[in-house]
Amino acid sequence: MEMSRKKLLSIALAALILAAAPVAQAQKFITVASTTSTEQSGLFKHILPIFQKKKGIEVRVVALGTGQSLDMGKRGDADVVFVHAKSAEEKFIAEGYGVKRLPVMYNDFVLIGPKSDPAKIAGGKDILAALRKIKAASAPFVSRGDRSGTHMAEIALWKHSGTDIEKEKGPWYRDTGQGMGPALNTASSMSGYLLADRGTWISFKNRGDLAILVEGDKRLFNQYGVILVNPVKHKHVKKDLGQVFINWIVSAEGQKAIAGFRIGGEQLFFPNANAKGA
Amino acid sequence: MGEILIALGEAGRLIVGAEAALVEIVLLSLRVSLTAVLIACAFGLPLGAAIAVGRFWGRRPLIVIVNALMGLPPVVVGLFVYLMLSRAGPLGQFGILFTPAAMVIAQTILILPIVAALSRQVIEDAWQEYREQLRSLGAGAMTSALTLLWDTRFSLVTIVLAGFGRAAAEVGAVIIVGGNIDGVTRVMTTAIALETSKGDLPLALGLGIILLTLILALNAAAYWVKEGAQRRYG
Amino acid sequence: MLPLVLDQVSFAVNGRTLIDRVSMEIAEGPRTIILGPNGAGKSVLMRLCHGLLMPTAGTVEWRGARNGRERQAMVFQRPVMLRRSALANIAYGLKLAGISPREREMRARDVLEAVGLANIAGRPARVLSGGEQQRVALARAWALGPEVLFLDEPTANLDPGATRDVETLIGQIRAGGTKIVMTTHNLGQARRLGDEILFLSQGRLVERAPVEGFFTKPASAEAEAFIRGELPWK
C-alpha cells in the first residue's frame, strides 16, 4: 500500500479504538438479576440513579426472567435477586441459595385481548370466569411459556379456574417461550388474549387493537421480593454492597422512589415492604 | 410503510441528536467487535496460512472442521461461553461474565474460524501459484507462509472486514454473556432486541438503520481497498 | 557443484511413469537444451534436476567440489512476481540468500541496470508486461550469482520482441559464467541458444548430441520424426 494511505488508515483505526476505550472504572457495583418487567417498564431507570447518587454504588441489572434470575443466583453470577414468584423464591431460600426474602412492592396483572373480544369477557371482574370463557371459545391465547413469574402466575390462575393447562391445552393456546414484550407483539399480531403485568403493558407501544379487558381481581396481584444471594455458598458475593441495596429499597426512601415512578401519570408499582405476609 | 418512514425519522433524530446514551452504545459495539476481530486475526491469519502451506497428518479433516465452524450458531457460542465464565463454571473466578470482556471472548470464538477458513482458502490459492518459485529461491515453510500473508494482504483485508461485520451484526452470543446491562454491556444489536421486545419498533428500526449503515460503509471500504489495490498492484 | 549426475532416475505418480530410468551427466560448459515433444517429461526432468521433485527411483547428485558458488536458480514458463515492486522482488531473493539490507538494494539496482530495466525498478511487478516480468525473474535469478540456471520454456508465452530480449539476457548471464540448462519446444531457439541437445521422448533419454549434429543427422527415429514436425509439440 502507498505509505500515505497506509498511515491514514492506521491513524483512523487507532483513533477509533482509543475513542471506544472506556474510562477506567474504579466504581463500586453490584449485579442484580431481575425480571424483564422491572427493566422494560422503566422502573429501574427511574430508581437506580437515585440509589447510586445516595450510596455511590452502581447497580448492574441483568434483566432476564424469574427462572433465569433464580438460576443466576444459584450459580453465584448475581449478588441480589429481585423477582416476583413467591413460591419459587421461598424454595430458593429453603435450598440455601438465598439469605432472606423481603417483600418490596406489587403490581398487578391485567388480561389483555382484542377489542373484538370473541370470548366476550370485556369488563369482567372475575379472572377465573374469564379464563373459562376463553377456553370454552377456544380463543387464541398467548402464553409466555418461559418459567417467568408471569408465566407461573398464569398457570396458577388456570389451575384455580379448573384447568390443568399443561395437559388440556389445545391449538388455541400459543406457548411462545418469550419475554413479556415479544409475547405482547405476538398477541397484537394475531389478535389473541394474554396475561400481562400492567407495567409492561403501559409502556408497550405496539398495541394494535389490544386493550385491557379484565382487571382489578385480587387474584391478579403480583408481589415482588428481593433476596441476597447466600455468601456462604458463594464467597465472592458482594454481601455488604448487596445488603445496602436491599436495605435501601425497603426503606422509606426506596419505597418512595418506587411510588414516584409513573408513566402518563399512572403509578405502576405499589410499595409494600411493610405489608404482613406479602 | 408508514412504520418505516417513522423509523427513518427516528434514526435521523437519533443521529443528529447524538445522545450520550446512543453514542455510548455505538462506541461499545465498535470497541467489542474491533477487539474481537484483532484477536481473531492475530490467531486466525497465521493459522490459515499454516494450514494452507503445511503438510501434516490430519490436514484435510482439519480444513473440513474449520470450514464447518464458520457456521457456529452465535447463541450456542454464547451459551457455551456463559457456562465457562459463570461463577459455577471453570473460569468463574475471574468474574468476567456480564462484562465487555466476555462479549469479546464470545465474538472472537465466533469469527476466528471465519478468518482462518477464508484466509486459508485465499493463501492456498496463492500458494498454488507461488509454491515452486518460492521453493526454488530457498524459502522454507514459515518464510513462505509470511510471504504469502503479505502478498495476499488486500484479499485478507476483505476477510478481516467480513469478520468485523459478522461480529458487529450478531446478538445471540453477546446478549447471553453480556446480559444487555444498561450502560455496561448494551451494544447496538442487544439494544435493538430490547427495544423490539418493548414494542418500541420505531426506535428499534432507527438503531437498525444506523447499524446497517455501518455495515454498508464497511463493505464499501472493503470494495474500495480491493479494487484500488487490484488496479495499482496487479 | 557441477557436474550434476543422474543415475537410473525414474519418476512415477499414480502408477504413471513420467521419467523412465534416465542416466546422464550435466557438466560445466556447454549450454544444454532439453528437447522433446508434448508429454515427453521435460518439465519433470528439470524439476528433478533442480530438486523441486524427488525421484521415485535412482539418484540425483551434485558431484562437484565446493567452489563457493553453491547456488542454482530456476526460471519458470510463467514468471512468478510477488505483489511488490520489481526491485523488491529481486531484493526478496537476495534476502533469502542472507544478504544484508543495504547490500541487497545495491545489488538489485545493479542487476536491473544490467538488464536495462532500471526505469521500472519502482513499479509494481505484477503490472509489468509478460516480457518485462520474465526479465525481472531472470534478473532475480542472476542476482544470486548461480552456478547453474535452469529455465523451463522461458519464452513460450512471449511475443517475438520479448523473446529476443529474454534470449539476449540469457546470453548475458551465460557470459558471466553461469551454466545454462533450458527446455524449449522451439527448434529455432534450440539451434540459436544451445550447444548440446538432450532429446527426451516418453520419459526416456533417447539421444544426446551436439546441436548441429542433432539437427542435421539425428541418430534416433523419434528425433528424426520430431524435427520433421511429425510429433506434436506444446
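In this document, chain identifiers A, B and C correspond to the written order of the chains, with residue numbering beginning at 1 in each.
Quick note on the criterion: a residue touches a chain if its C-beta (ideal position, glycine included) is under 8 Å from a C-beta of that chain, and two chains touch if they have at least 3 such contacts.
Given the structure is predicted, the values throughout are model-derived calculations rather than measurements.
Q: What kind of graph do the touching chains make: line, ring, star, complete, other?
A: Basically the chains just string along in a line.
Q: Could you tell me which chain's Cα centre is nearest to the average position of every protein Cα atom shown?
A: Most central by this criterion: B.
Q: From the C-alpha centres, identify the chain that is farthest from subunit B.
A: Relative to subunit B, the chain with the farthest C-alpha centre is C.
Q: Which pairing of chains gives the most C-beta pairs in contact?
A: Comparing chain pairs, contacts are most numerous for A-B.
Q: Provide the C-alpha centroid distance between subunit B and subunit C, rounded to the nearest whole angstrom.
A: 46
Q: Let me have the rounded angstrom distance from the C-alpha centre of subunit A over to the C-alpha centre of subunit B, please.
A: 32
Q: Suppose each chain is reduced to the average of its Cα coordinates; what separation in Å results between subunit A and subunit C?
A: 78
Q: Counting only residues that touch at least two other chains, what does the list for subunit B look like?
A: As it turns out, subunit B has residues touching two or more other chains at 153, 232.
Q: In the complex, go through subunit B and note every residue touching subunit C.
A: 129-130, 132-139, 143, 147, 150-153, 232-234
Q: In their complex, what parts of subunit B are in touch with subunit A?
A: 27-28, 30-31, 34-35, 86-89, 92-93, 95, 97-98, 100, 153, 179-182, 184, 194, 196-201, 229, 232
Q: Would you mind writing out the residues of subunit A in touch with subunit B in their complex?
A: Per the stated touch rule, the residues are 1-2, 16-17, 19-22, 31, 36, 39-40, 44-45, 60-64, 74-77, 178-182, 184-185, 188, 200, 203-207, 234, 236.
Q: What residues on subunit C touch subunit B, complex-wise?
A: It comes out as residues 47, 50, 52, 73-74, 76, 80-84, 92-93, 96-97, 124-127, 140.
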